[in-house]
Amino acid sequence: MMKLGFVSAIVPDLSLEEVVNLAADLGYECVEVCCWPKGKAERRYAGVTHIDLARFTAADAARVNDLFASRGVSISGLGYYPNPLSPNAQEAKVAVTHLRRVIRAARLLGVGVVNTFIGRDWTKTIEGNWPRFRRVWKPLIRLAEDQGVKIGIENCPMLFTNDEWPGGKNLAHSPAIWRRMFEEIPSKNFGLNFDPSHLVWQRIDYVRAAREFADRIFHVHAKDARVDSEGLYAHGILGLPPAYHTPKLPGLGDVDWGRLISVLTDAGYRGPVCVEVEDRAYERTLATRKLALAQSAAYLRQFIPARK
Amino acid sequence: MMKLGFVSAIVPDLSLEEVVNLAADLGYECVEVCCWPKGKAERRYAGVTHIDLARFTAADAARVNDLFASRGVSISGLGYYPNPLSPNAQEAKVAVTHLRRVIRAARLLGVGVVNTFIGRDWTKTIEGNWPRFRRVWKPLIRLAEDQGVKIGIENCPMLFTNDEWPGGKNLAHSPAIWRRMFEEIPSKNFGLNFDPSHLVWQRIDYVRAAREFADRIFHVHAKDARVDSEGLYAHGILGLPPAYHTPKLPGLGDVDWGRLISVLTDAGYRGPVCVEVEDRAYERTLATRKLALAQSAAYLRQFIPARK
Amino acid sequence: MMKLGFVSAIVPDLSLEEVVNLAADLGYECVEVCCWPKGKAERRYAGVTHIDLARFTAADAARVNDLFASRGVSISGLGYYPNPLSPNAQEAKVAVTHLRRVIRAARLLGVGVVNTFIGRDWTKTIEGNWPRFRRVWKPLIRLAEDQGVKIGIENCPMLFTNDEWPGGKNLAHSPAIWRRMFEEIPSKNFGLNFDPSHLVWQRIDYVRAAREFADRIFHVHAKDARVDSEGLYAHGILGLPPAYHTPKLPGLGDVDWGRLISVLTDAGYRGPVCVEVEDRAYERTLATRKLALAQSAAYLRQFIPARK
Amino acid sequence: MMKLGFVSAIVPDLSLEEVVNLAADLGYECVEVCCWPKGKAERRYAGVTHIDLARFTAADAARVNDLFASRGVSISGLGYYPNPLSPNAQEAKVAVTHLRRVIRAARLLGVGVVNTFIGRDWTKTIEGNWPRFRRVWKPLIRLAEDQGVKIGIENCPMLFTNDEWPGGKNLAHSPAIWRRMFEEIPSKNFGLNFDPSHLVWQRIDYVRAAREFADRIFHVHAKDARVDSEGLYAHGILGLPPAYHTPKLPGLGDVDWGRLISVLTDAGYRGPVCVEVEDRAYERTLATRKLALAQSAAYLRQFIPARK
Amino acid sequence: MMKLGFVSAIVPDLSLEEVVNLAADLGYECVEVCCWPKGKAERRYAGVTHIDLARFTAADAARVNDLFASRGVSISGLGYYPNPLSPNAQEAKVAVTHLRRVIRAARLLGVGVVNTFIGRDWTKTIEGNWPRFRRVWKPLIRLAEDQGVKIGIENCPMLFTNDEWPGGKNLAHSPAIWRRMFEEIPSKNFGLNFDPSHLVWQRIDYVRAAREFADRIFHVHAKDARVDSEGLYAHGILGLPPAYHTPKLPGLGDVDWGRLISVLTDAGYRGPVCVEVEDRAYERTLATRKLALAQSAAYLRQFIPARK
Amino acid sequence: MMKLGFVSAIVPDLSLEEVVNLAADLGYECVEVCCWPKGKAERRYAGVTHIDLARFTAADAARVNDLFASRGVSISGLGYYPNPLSPNAQEAKVAVTHLRRVIRAARLLGVGVVNTFIGRDWTKTIEGNWPRFRRVWKPLIRLAEDQGVKIGIENCPMLFTNDEWPGGKNLAHSPAIWRRMFEEIPSKNFGLNFDPSHLVWQRIDYVRAAREFADRIFHVHAKDARVDSEGLYAHGILGLPPAYHTPKLPGLGDVDWGRLISVLTDAGYRGPVCVEVEDRAYERTLATRKLALAQSAAYLRQFIPARK
């Protein structure tokens, strides 16, 4: 059966130990641990470092694992979402270098999955990004294979603000592109961190996608999104996506979770489903962010059984 | 975050202390306390007196507040729903007099909201009621301002039985009327006790209404309603409303609670959401009415987090 | 097969001969001829006198029939829509007296159907109108039986303006009421002039109604109605009906004509379907009203075959 | 109020005592106990014997009742689902003989309901099965009346595999057939074990059926079913039902449980609602089957209150 | 562009010459000519012989073609719909023998398409019919190839009466079966006479089917069907199909003709679209059947242009 | 009442005289005449010159008007759709210069409307295009005012091919932008050539837009568009628009023409509705393009009456 977890990005102000305790207290079975390099976050929800991988050793890994085991919680995956195809060569280099570090750390920790973005030069078409995608990602996937780690690409278009216009900062946003990615690099370690919330507003049938890509889904994000008819009327789908949709907690948006979980269970998915909180109505204080996690668990337990 | 509560009218047979204990036992965070004048109820769900305001003093208020505090429960509002515009002058006078008493009591208790009806002479058009609305309500709202109390008008048409035909006993049932009310008496203390169940069968988009009147919503009632196709076929919308709809517990009717709570959270609503039980299938005994409250809490906790 | 016609009320400025020519020129097969007593119209679409029945003889009837026959057009029914249950005794008396005249004229003309309203004292409930309905209508239906004429009651609530509030000026607006009417006066000559446009905004399933009352449908009006979401939001269904819907030509509203005609054909209905133009966008001049009839015929010929 | 239970067929590997403990631990209030004759199961979910009725005495019954009482759980009904109309005379005879035994045992246990199938010779039409239905079932219902036991016929068509084609192994699958059954044998002890999941894929309005047959519903199965658009496209409704639908846990299929429970509460149904797990995604191990029961309870508690 | 035609079966009482004149008079561009062997019809719409092929020569063909040319009408296809897989060996033999005759006649006439059924032993499963399908149809398709004629299999399940239960008399009713047929006999001369009306009640997406099988569609039947909710409620999809649907003229059923024709135009279909009248409401007299053809043409001309 | 016309771009191979004859023969009442400068078309449907404005005099205008009058057809507007905001300065200059010429010609011809595009530098955001929009369009609108001509901006995003990515070549594609345009240049001569087909795939409610901008709609294009679920699944709305939609004739796409025309009639629109053929299935030959115009007229005459 699936395991319910959350993404640690929503509690950057907690220590790893506090994160583990929070998960256990709220009845979560796992956590996706954010592993940005230490330093300033360049955007919301980024730059969170719950495990510092700068000089990460087997001993560090053992300590982390002991901490999780002590509360009966597991690590669903390591999360780091930069832009490895950034037109800014320095930014891209940092991304790739740290990503390699995250992959190696996953191995040390015995964690099977690293979640990240493909990245994109947002000023270019998909076609225009392809040669660089191939160049950057072939060696990364090879490393993942060597380390026995799976790479779960989140399907977020990263197209929310004017500086991400027009193409967004992550190529991997549609079934057509996924098909091409997996044909280009046909590795069993290359797959998806499947988030239905981004598909809802793109009008992509996420239930059908969950079926088609069932064997590529390594990790699932439980985020929801509400399409807003007023914004859609004014701007249409050519507007910036935030003009017509709002990210929300599971159950407060347009995703039909019963249907999605129904199809995932039949497709044989038995991995983590991690709540990703990006609902501004719940973000003001640490207390409200914890309530968001409590409410999300209450909602999802209708569809994902508690283990104990 | 919102607070989950219930309206005390459903347990008229319990003392205030028992009400508070029930709330605490079922995990409710607040209660709307019914404050009719003592005496005979003139209709279902009315005439309930959980706090007798006949000679209500600061000392009484302190006792009440201590009782609530002892179980960690709060008062979401005081509730009294008479017809202050009744064509029966005596009935109207009683209503207004007691309403003034409730407003003053709210102040003593430190409770911010009093919930009530505008009332209506049901034999007259909206237009025909307007002059009297103005005359009766301007001083009432002025008093509320003086006392620092907000008035939440419930949007129930009070049109259920033949003696309420044709106009019902409460003017405030549609956005067009609300707009006019708030233009007529533009006070920040004049707003709504928003109940989506009455909008569902009126075919009024309650999600849009929640957006438009977000800053006027002082209190929310969680009641549901199911439109029944058989009755609708036979009588159409010109029939008496009970001919084609049935009040039900949240989750057993046509309200999309995920969507409504979703929009309320974004609109900044952080007040109480009080379950109002008027579902006859659950009313036969005290035990079944308590089960109704238990079930409603289980349902709504998907969308409203528990605080502890 | 059904016959396509129109109601002559829309061209009050034409003589009967011009009406017949118009029908023939536009390919209509029949006309419902309006037969108000001569004099001032008391509301839109009323007071039209295409045949003056003041002193109507068998010779007059023969002349009228010759006129129709000369262009191959027939009379679908005689139309007169007053309020025979008006609280104004004089108005009611005029209505009943003239209605008797129309029934007798139908006989003289060999026209099988007279279309009209039950009427209503709009200030009283349905129950409150019932005794008078019984008193007035039993003799009227008896007369119709004697004359071998069928009475088609149009199902319009006549609730459009404030002076018709709250009950409207015609009782016969819903299946529940029709069932009771036909139980009360179980005559084969008592039935409906079925107009789906009034059912659409009452949310009554007109397709189901067409099945249930198939053997009571003596005449059909082809009028459409568009429910307007903006008005519905502001006023809800307790508003006056024109606040949330607009009468339109067939094809420009919410009626599914293919479905309705489909069910009527299966139910064995082979009578007239008469376009009733009450679409203000087409009413400004005689020319535009003729265009309305041309357009409506073009639309309905998809579902009702032309005979020639 | 309704009682939440489960059908014991999903845990054939547990002893009756373990079943009772499981129910109590997961907060279930009752269990439908499977009572096949001991021996080899002839198909999935059949052949389960949680109470062996071979030589069942009043003393045995007392022991069973003590066991249930010790954990505050009750027996919702006895379940045995064979084919009493099998064309194989021996199979039919075994079915009828054991069914009589189950009815008598129910009496001994003070359990009011026995759940079963009508059976069918699947190679014959409904008409072709009718004479035998009458012959076999009249005495069975008479016995049930004598014993004061109600017979709840589950509305499953038993048409899942090629050897059940074309008619399935249980006549009682549609409202038209139920009407005829109850007319044929008009006993108050003859009714339904109502399972909405089989109605969903048959396109039968289960909410309307719940209303029409409210006084015939003795027991409810909470199973869900998901219609799969890909299979429906390829095979259409003339394909074998598993070609286009999948049985699922409540909340993971197309049944609108809020609506169904809503109508059942209004119709006065206060009996058991027993989760029937036939979702293959949850069947691999005893542990996952228990999780299925935990998840189903979490889902249904939104609509059915816990009693304690 | 497509050509509008009709199937001659609806006017068995007309001579071929009268059929051609009717087509021309109503603005049809082509006719599917029914070519049963002379003799008694075994079911509705069968047994019609507009061209007698008993001893059909090149001279006969020339005469037929001259007749059609004289009115500017063409033959869209020859139609003969027997059961070549009947368990009655004699019936099957007659079917195959005459089918060979029709194919040869098509060649003589220069008509490209012969429309027919695969047939079926209705008491056996699809699997059980397959060996015989292969045996009978391989030589038939080979003959069609030799004669340069295409075979359009109509996708009607032929399951309307009890004697056709359970399997119906024509295998070719779903996409899954079509795929298998065309794999089994991969000839370019083997395709479909596509009729959306049978797909509507089977819940098969006919628009998707039109895309998938675009290059197999040799002929189209314009028939419609209305699914009736009352019958569906009572019998469900396991009832005989006429229990829950009714064949109707185009525009009077559930087919979305705009969408279907839209997709067919894009898919490159440029062949005939022949109205097939099986709507009992229009069948009583020759006159009403002609009106059915007039009405259907009026409806379809919205989507298929007239050539003149 | 509205006038039915077509855009002459679809018959570039016809002379103006032939265009006028075609309109009259097909029953069209008007034509939007394409007036590109003579020369090579830079894209499909562009570069058509039915009136050469190079040296256009009052005498030329009189000749054109006589030609139209001779067949009872009128000019609905002059059409020229270039990119006046092109980043290619030369292209922009040509556009503006010729546009001025078209405006002056409209005056000479007594034609009230010139239809065109705002244009856009497609590599820049809306914001980034705004200063230039203001600079280029203020003088153009001033000229239109001086000449008594209205400018109808077509709401096409011009985003179909990779070289138009990402922004498209016409700013004016959504209500939010229209509002801003009309605020920026608040002239009564500045409005829309309203085409619902581009709104359908942008998910903009075109019926609501028709209401909001009723007094800005100077001209209407009758083009339809079909959203294709397969393309939408694969690419989502971030794909190039042709990946998920197809332009079609009226009635073959997703526009609800009855609803749109219904609202336009009520809003008082009485201008031209011109069929714009961009449906590739009908473009292969002059004959099929004429059939497209015949079919479109047949479809739209249901909603727009013929004047004859």
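When the chains are written out, they are named A, B, C, D, E and F in that same order, and each has its own residue count from 1.
To be clear about the criterion, a contact is a pair of C-beta atoms (placed from the backbone, for glycine too) under 8 Å apart; a residue touches a chain by one contact, two chains touch by 3 or more.
None of these values were measured; they are calculated from a predicted model.
The most distant chain from subunit F, with centres taken as the mean of CA atoms, is D.
Homomeric contact subunit E/subunit F is classed as different-residue, with under half of its interface positions used by both copies.
When you average the Cα atoms of each chain and compare centres, the chain farthest from subunit C turns out to be A. Superposing the C-alpha atoms of subunit C onto subunit F requires a rotation of 120 degrees, rounded to the nearest 5. If you average the Cα atoms of subunit B and of subunit F, the two centres end up 54 Å apart.
For the pair subunit A and subunit B, the distance between C-alpha centroids works out to 43 Å.
Rounded to whole angstrom units, the spacing between the C-alpha centres of subunit B and subunit E is 64. In subunit F, the residues that reach two or more other chains under the touch definition are 302.
If each chain is drawn as a node and touching chains are joined, the picture fits none of the line, ring, star or complete shapes. Chain pairs recorded as touching, per the definition above, are A-B, A-D, A-F, B-C, B-D, C-E, C-F, D-E, E-F.
On subunit F, the positions that touch subunit C within their shared complex are 1, 211, 258-259, 261-263, 265-266, 268, 301-307. Here subunit B touches subunit C in the complex through residues 125, 127, 157, 159, 162, 165-168, 173-176, 179, 199, 201-205, 208-209, 229, 232-239, going by the rule given at the top. Against subunit E, in their complex, subunit F makes its touches with residues 226, 230, 246, 248, 251-253, 279-282, 288, 291-292, 294-295, 298-299, 302.
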